[in-house]
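Below, chain A partners chain B and then partners chain C, in two separate complexes.
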Partner chain A sequence: KTVCDLNLSSVLMNSNLVHRADSFFLATKMAAPLTLLLIVAVTIRAVLFRSSWAELISERVEVVSPLNAWKRVVEGLALLDLGVSPYSGDVFHETPFMIYLFHFVVDYAEIVFMVSPDLVFCLSRFLTSLKQKYALESDRYPADCLELLRSPKEMFYIPLKVAMFYLLNPFTILSCVAKSTCGLNNAIIALFILCTLKGSALLSGILLALATYQSIYPLTLFAPALLFFLQRLYIPVNLRRSSFWFFTLQYAFIYVGSLVVITGLSFFLLGSWDFIPSVYGFIFSVPDLTPNIGLFWYFFAEMFEHFRLFFICVFQINVFFYTIPLSIKLKEHPVFLIFMQIAIISIFKSYPTVGDVALYMAFLPAWSHLYRFLRNIFLVSCVLLACSALFPVLWHLWIYAGSANSNFYYAITLLFNFGQILLVSDYFYAYLRREHHLTHGLYLKKKDGTEATLVLK
Partner chain B sequence: MGLLSDPSRRKVLTGLLTRLNTPICGMPVEWLVKAMQSRGLEVFTQSFSRKLPFPDENKERYMVRGTNVYGILRAPRAPRTEALVISAPCSPGDSNNQAVGLLLALAQYFRNQVYWAKDIIFLVNEHDLMGTQAWLEAYHHTNITGMEYSPLQGRAGSIQAALSLELSSDVITSLDLILEGLNGQLPNLDLANLFYAFCQKLGVLCTIQGKLQRNDWDTAEGYTHAAQTMMLMVLKQACGRSWGDHGLFLRYHIEAASVRGINSFRHYKTDAATIGRLLEGMVRKLNNLLERLHQSYFFYLLPSLSRFVSIGCYMLAFGLLVVILLLRGVTEAQQVSLPSGPGVLTVLTPVVISHLTGVALYLLPVHLQEMAVEHFPVSETEAVVLTAVAIYTAGLALPHNTQRLLSGEGTEQGWKVLKLTALLYLAVLLGCTALINFSLGFILAVTLVPITASMTPHMPKALSALVMVLLSPAFTVLYCVFIYQELIEAPVSVSEGWMLFLSVISQGILDHALYGSLVYPLLALFIYPCWLMFWNILFWS
Partner chain C sequence: MAAHRCGLSLVFILIFSSLACHSSCESLEKANEDTEEKQSVSDTPREVNSDGSIAAEDLNERRGRSTDAELDRRDGTRTSEALTPAAAARDEFQEELVIRPLHSGDIYASFQFRTLWDTDFLQEGQKVSHYRLFPKSLGQVLSKFSVRELHISFTQGFWRTMQWGQPFIPSPPGAELWVWFHDTSPDFCSILSVDGNWKELTNVLSGIFCASLNFIDLTNTVQPSASFKPLGLGNATDHRFLRYATLPREIVCTENLTPWKKLLPCGSKAGLAVLLKSEKLFHSSFHSQAVHIRPVCQDEQCTSKAWELRQTLNVVFDLYTAGQGKKEWSLFKMFSRTLTEACPLATSSKVYVDITDNPELFELSPATPLLSQAVVLGDRRTYSVYDLSRAETFGQLRSLNLLLRWKGDGEMLRPLLHAERYVAGFGLQTGEIHTVIYNNHPYRAFPVLLMDSVPWYLQLYIHTLTVTSKSRDNKPSYIHYQPAKDRHRPHLLEMLIQLPPHSMTEVTVQFERALLKWTEYTPDPNHGFYVGSSVVSALVPSMVAMNTNFTQDQPLFSSFVPVKEESSYFVRVYTEPLLVNLPTPDFSMPYNVICLTCTVVAVGYGSFYNLLTRTFQVDEPSLPLAKRLANLIRRIRGVPLLT
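Take a look at the complex of A and B:
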């Protein structure tokens, strides 16, 4: 707790805010609710760890996947202790760093899983410092848009809200109690975002390499991180300028270099390249079709072998495909691009779990100023809540009662993913609309002076 | 003349001996084992024991210890991968005294046939549902209810279907088919159709819900009769308990039904030989199955044995009820704008307090029974039930306390947000309930939806409070008790109905503890807090 406070105070002192002293004062005022929140979150997790629910939760397919189940980590550790490669038998699909981490802390696993979410909310402080940048540039915007900008007072509560959204989110709690390593992956991504926003390209590259090493999909976060650094260093994004290429190559070198070093280290840790087909081959070729909240399992259960490769390529390209158009559209707003990318990864990855969903949902309070432009938020929240309640019901009806079948469960999966996609696209629309208003004024008028409406094409 | 001539003293002595766990009349285990072995079956026994959370006054048991005896008839020429189960619960007294005999006769007959493709398990279980539960848990290597049992020594393959027999006399006039299982789960309709078709072929009268079928569908009396039969099925399904030993098999995806012989005043009686032929035919049909019964409906309501209402028909009615809640929610959402930080807390307090009350209603009655028995002159069962009723009633006083905690934050916005949350919560809850146990969901929807959708704090408080209490979950259970008694043509007076209601509550708690029935936790942990949230809205100041 003290570390976080020191972090906060140091960051705020280093930032370019005008009201430096005031911010520090406000931050200490926030310490009490934050401590309360931490205590509540830790209590809930501790109570659930010790109850009989922990076993039940760690077997739910919505919460654990073959990539991050604790049972499989234990199995891999047991194989490692026996001297056999942990990747034999197609049970264990974690990276060698993970297995060695747990080799040393397996007795304190619960504490590790409880601490990792804390790292996520430390990140929230920096979103605050970032957004406060807008307040300085208020003279750039048309006069009637001042209501769209956020005052420091509004933004004061955002770190607390982000922390609350992440720590008290039932998805996070379930993921933590199930001891799914998704929490650790989320922590690495959160640290990466933290370092990016803080401006340290080296650390950011290394952490991005670590996140990519864990599961390949954070590769798409390279583009927003790059755009953020370019913006921060006032390098225009112009393919003809050499400064752009110079920095891109630097950053790419850091990233690829760290990735190579980490992969090489893994090779030396276990002495073989087994982990590449077991981890990355597993993620890409989706051999395990256990139902989960993702879109892959049903399709591939019904697919003929002949077309399997084609559809694997189609589905996997789908995850990476949105990077380029989104980067072009959002090149001046890299933080929002990071959010969009994380959301897209969580929806379209091959083995999603609720822990991945919780990560991007934690960032939603940072964009609470977009609420007035959201069009479907009620529908989306209803759909997501109803689907979360219906997942266990239809699983029970399918597997235990035998009255339903996989179609029912997949229907709920589809509806859940539809809700998520609607949420993400709604926020995208709201963001673009706010930017449009900031440049063109809040009350739009057509050429003859009547009120105009804004349509997203 | 003596100690045992006074009936109340007899009752006390029986109760004392039951509690001391010395059975007066248990199951004749050795005789059964010898009888089955002499018929050429592989016989095994299983012992189980369980201490109930509080004494069961209907069946007069508290610490239950018993033995199941089962014999396996191995299929002579088939691989031993599948099995069928025929079970007869053995209870002391006259309630099921013919079934075991019929079972043994069937075993002897089956032993001489060569066409069996599946192993047949003849199960005689003690303490009806508890014995079946212990046997099934041991067979499938699970332990979901905390029963202690010895592992099974002998096993057959995966069970495809099961039949449970209840016969109290050797001549019967009709056979009653019982389909409702635990948590309202039903076997595949094919099983019911199979049984009915075969009964018709052999000329045995088959009934459902104890009522004979009528052929005049287009008259008012015929329609009323069918509606009554269907209402009986709805009520039996809604209460979530297993109405025959077959009910526990359904949870393991084993199609099962119970057959009960009824001897009423009718000229034409069927003797045990015909019943035997009937059962032999049923078992042969099940023997010929190549796969589990899954082609027909799993969700249906039966107004008679030859007509059914499928889920496609009845779910629409339920869906329309839930749509009311959703439309109301949409209307409220349009009038509400998301409050800032403190506003959410205003809504959170009633929600948390309601759920804590629900948790208290779920946990405290059983945990506080010793304390209640010390302080009040009641038995444990009465203590449990009356504590539950007391906590339920105490919850009604909550709004005043909640408002004090909020220190005057009750605004117009506040109750709208709470209503929105409560409406959506109720809609999702009713939807999930209806998917698992349609009848329970439907009955709750019918009573809760009208009043909750139109609830505002501006309604006349006294009248709407009265209506709200009269439509609360506890009263719904009370009405169901009275309606059920009316439908089975044994109407009760108000005081008897009240005693029956209390025993229904205790049975509900026991069913949840013993077999995993979900009705009591659903009502206590989810429906009651939801109702309390609407009660809070009514008294929003």
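Take a look at the complex of A and C:
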């Protein structure tokens, strides 16, 4: 235990040092490419906003879902103007905060949507601070593992890569041009990660509550955030320690407290609890079967009526289910756990859009040191690329040309989700394998001295 | 059955003894037999049904007497309840047929049968049990569900306002039902009971009219706030007591006509109703039958209230194209029957033929000296009147067969208000509903109320609502919008739009098509889904002064909608229903989809489970079986093991 604590303290000191150095570098060497990137990203969005494509994109079912379509936000505002509660119908499913946000900035909506992804990009800078430890603890690892660790130079470019991956990802651009409120939710989650990594428990708890309030699923990010703070404060995860319980309760209190406050505030803004069934009931019971890139729509369109409730429970539990085992397995690596959780949410949530996919894909450059252990990254990339191209094609064939039917589109959603699952599990595998190598050496030998193969047992 | 008869006759004997002082025993014996015989046939008293013309003559004879006391008594025996003073009811029956030659060459025939009865169905604690002319089945419905006004129509075909002008009583294609319930107390409880009553009422009416009115549920019922005001007495404005529903897909056929005819006092045995032969009526361009029940004033001063049952049947015969090129028609050609007598129970029985355009357009025979003028729908029309209660109407042949020959084509006055509707857009994702309303008045602007009820599976976006007239934005002065709730409630959109003179106003609203659960589709999902007609209600400025005086002997067709002021008249225009296609899932796939989706989820679960529960280990190939056996022996022997 003491050794562990010592190690952690050194890690923290080192990371602080590096962090300072990092900011220094950013100020000097990174500023130019980052500004350039920002300008390129904003230009692309501005051009698309003004082009005739914007309307086409904002109608795409892959890009917007009933939960976050801009058209529905406008509809909600129009209903509010007519004196009708937006939640009395089944078109508007945003939270009350969103109505009031857009009530004031509806004319500047484009700017809001352009700014929000940039917030995400802030995250990228700080993602690295944690990774430093590998570089600086190299003396603890077997000598042949040195090549597994990243050089400071590699680390240095990670923020830029993350920013590029998010800002120039076609998925993000589409989502942004469609003015999907998914971008705002992503920004909240990104800010939450940022605050967590910076070590501000209060802000992290509040932002997590806000993210949960927006779309219930980020609830599962509570576990990794807590693990991160515990690790940061050298509190071992031990159920018999009072310090563990003290901090857990403290963080839970911040989280639940701000959630209650936010929900209460929305009640006072609106004067009724109508938004609870209309937002969260809508997310959980999946009444709208409009096609999207997820697994829910066709499954529940074709479901036998008496099994519906059972399968809704199964599918929703499935999203939350992985939190506990993953937290146990990855309790030393909360940042990777955050990535896993976000990926699982975006695959298994009830109304996913490409914006959700883009969020977890932004993390991928941060795991660039895992590339050598990925088994089928080529296949997965091909699948995801092909699916992305086939979505609009098969949608057109089904809805407009009438020469295909719903099964075609469904098949592509299946394949797309299969690809995503493969991608995430591949990264998980690679991460675990790297951890194994870090402790046992990179070139493992069998007893007889020949080269060994690693298997999962 | 025997016990029932025995009990029944016992009751009769009791009542007879009380009535003995009024009439002779002999006639009562006869009545007893008569009623007992009919009790097993039907509930509603219909003197002419069973024995046709003989009974009719009999009744004619009786009608000559000063009172109908005996008749009343005969009915009283049937219901086996004591006679109340109110049951000596003053009820009367009128029948009327209006024939209007249309300029398109078609013939519009409109039947109206009106029963007036000065009783009160909604009286607390007093059951109305004595029925004479009013159908008992409807009377019981009224009192059971505390209905204040009931309007139901079944229509096959679409009324073409541009070619045919305004109908006397408009109706949308399919079935339409709107009911005002009696508002005893506007508290929450009684509003809840309205919903329950509505549900039951639709089911009961479904049985009475042999129609699929039981498909009316919360998903297609709306409560319009302004478009449907009560037509009868009372000025209730609380629209929570109003229910309106349409079934645009309802197909109307002879099984709906038969129960409708049975509600008439004379059935289809005598009077104008003999013309209602389904093989001819349904071989027409437009057929609409309706029942309207409402409380009305009994006289001009409105001192007493009466219940009015109006049964109307409108039919448009397409004789111009179906008549082998000859533009002539007769009653016999249209209905394959001629008129021989009036309904003996009717106080008035008349046939009106619109001869405003005579003699330029057509020639009518036999000619009649009786002419009548009426202001109807903002136009002064002249009618030839054939009074069926007078013997000379039938002439030598004892039958009336009106004959009309067209002489030329005429220009028709364009209807002042006219509306149409269509769906724009392509593909199965989104679309746009266009409603076009025409004001053909040369210099007057007037407001119209537009009501749209759209099913929940077309999600309307109210922010895309545009109203343009003369290519300028025309902001509605009143909008009542109730958004739909999935699987619970349709959209309701009501607007008050000012129509500029001589203009075309276009109302557009975008919608999105939902993908439904596979069990929610109709058996032929690719046929599409119907959206009921929009309703345009308006007070149209009249060209001539409307008659606001209430007179008893006004023709029925001109007295349906109460006229409040001289300068305008009320018009309701229904647009076409829409047929909208929705995206469909593959109906043969439920098992496959469940299997495939679950497989993908299982792949995710499996791979995570694998990584979570296992650890990395160096793969040590196990020794071959022979070596392992050898090692077993070596271990016993204490010799070093093989590797």
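What we mean here is this: the second predicted complex is superposed on the first by the 432 of 457 C-alpha atoms of A that agree within 3 Å, B and C clash if a C-alpha of one lies under 4 Å from a C-alpha of the other, contacts with A are read in each partner's own complex, and residues count from 1 in each chain.
The working rule: a contact is a pair of C-beta atoms (placed from the backbone, for glycine too) under 8 Å apart; a residue touches a chain by one contact, two chains touch by 3 or more.
Not measured: the values here are computed from a predicted model.
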When both partners are placed on the shared chain, which of chain B and chain C touches more of chain A: C
Applying the touch criterion given at the start, work out whether A:403 contacts chain B, chain C, both or neither, answering first, second, both or neither. first
Which partner chains sit in contact with A:78 here, chain B, chain C, both or neither? Use first/second/both/neither. second
Going by the contact rule set out at the top, does A:393 touch chain B (first), chain C (second), both, or neither? first
For A:375 in the superposed arrangement: first (chain B), second (chain C), both or neither? neither
Pick one for A:161: touches chain B only (first), chain C only (second), both, or neither. first
Touching partner for A:331 - first (chain B), second (chain C), both, neither: neither
For A:198 in the superposed arrangement: first (chain B), second (chain C), both or neither? neither
Shared contact residues on chain A for chain B and chain C? 400
Under the touch definition given earlier, write down the residues of chain A that touch chain C in their complex. 59, 61, 71, 74-75, 77-79, 82, 84, 88-91, 287-291, 295, 297-305, 315, 318, 322, 325-326, 329, 347-348, 398-400, 405-407, 410, 414, 417-418, 421-422, 425, 428-429, 432-433, 436, 444, 446-448, 452-457
Can you list the residues on chain C that touch chain A in the complex? 426-430, 456, 459-463, 479, 481-487, 491, 512, 514-519, 583-586, 589-590, 593-594, 596-597, 600-601, 603-605, 607-608, 610-612, 614-620, 643
Quick check on the complex: what are the chain A residues that touch chain B? 157, 161, 371, 378, 382, 385-386, 389-390, 393-394, 396-397, 400-403
Hey, which residues of chain B end up touching chain A in the complex? 185, 250-251, 253, 292, 294, 298-299, 326, 329-330, 333, 338, 341, 424, 427-429, 431-432, 435-436
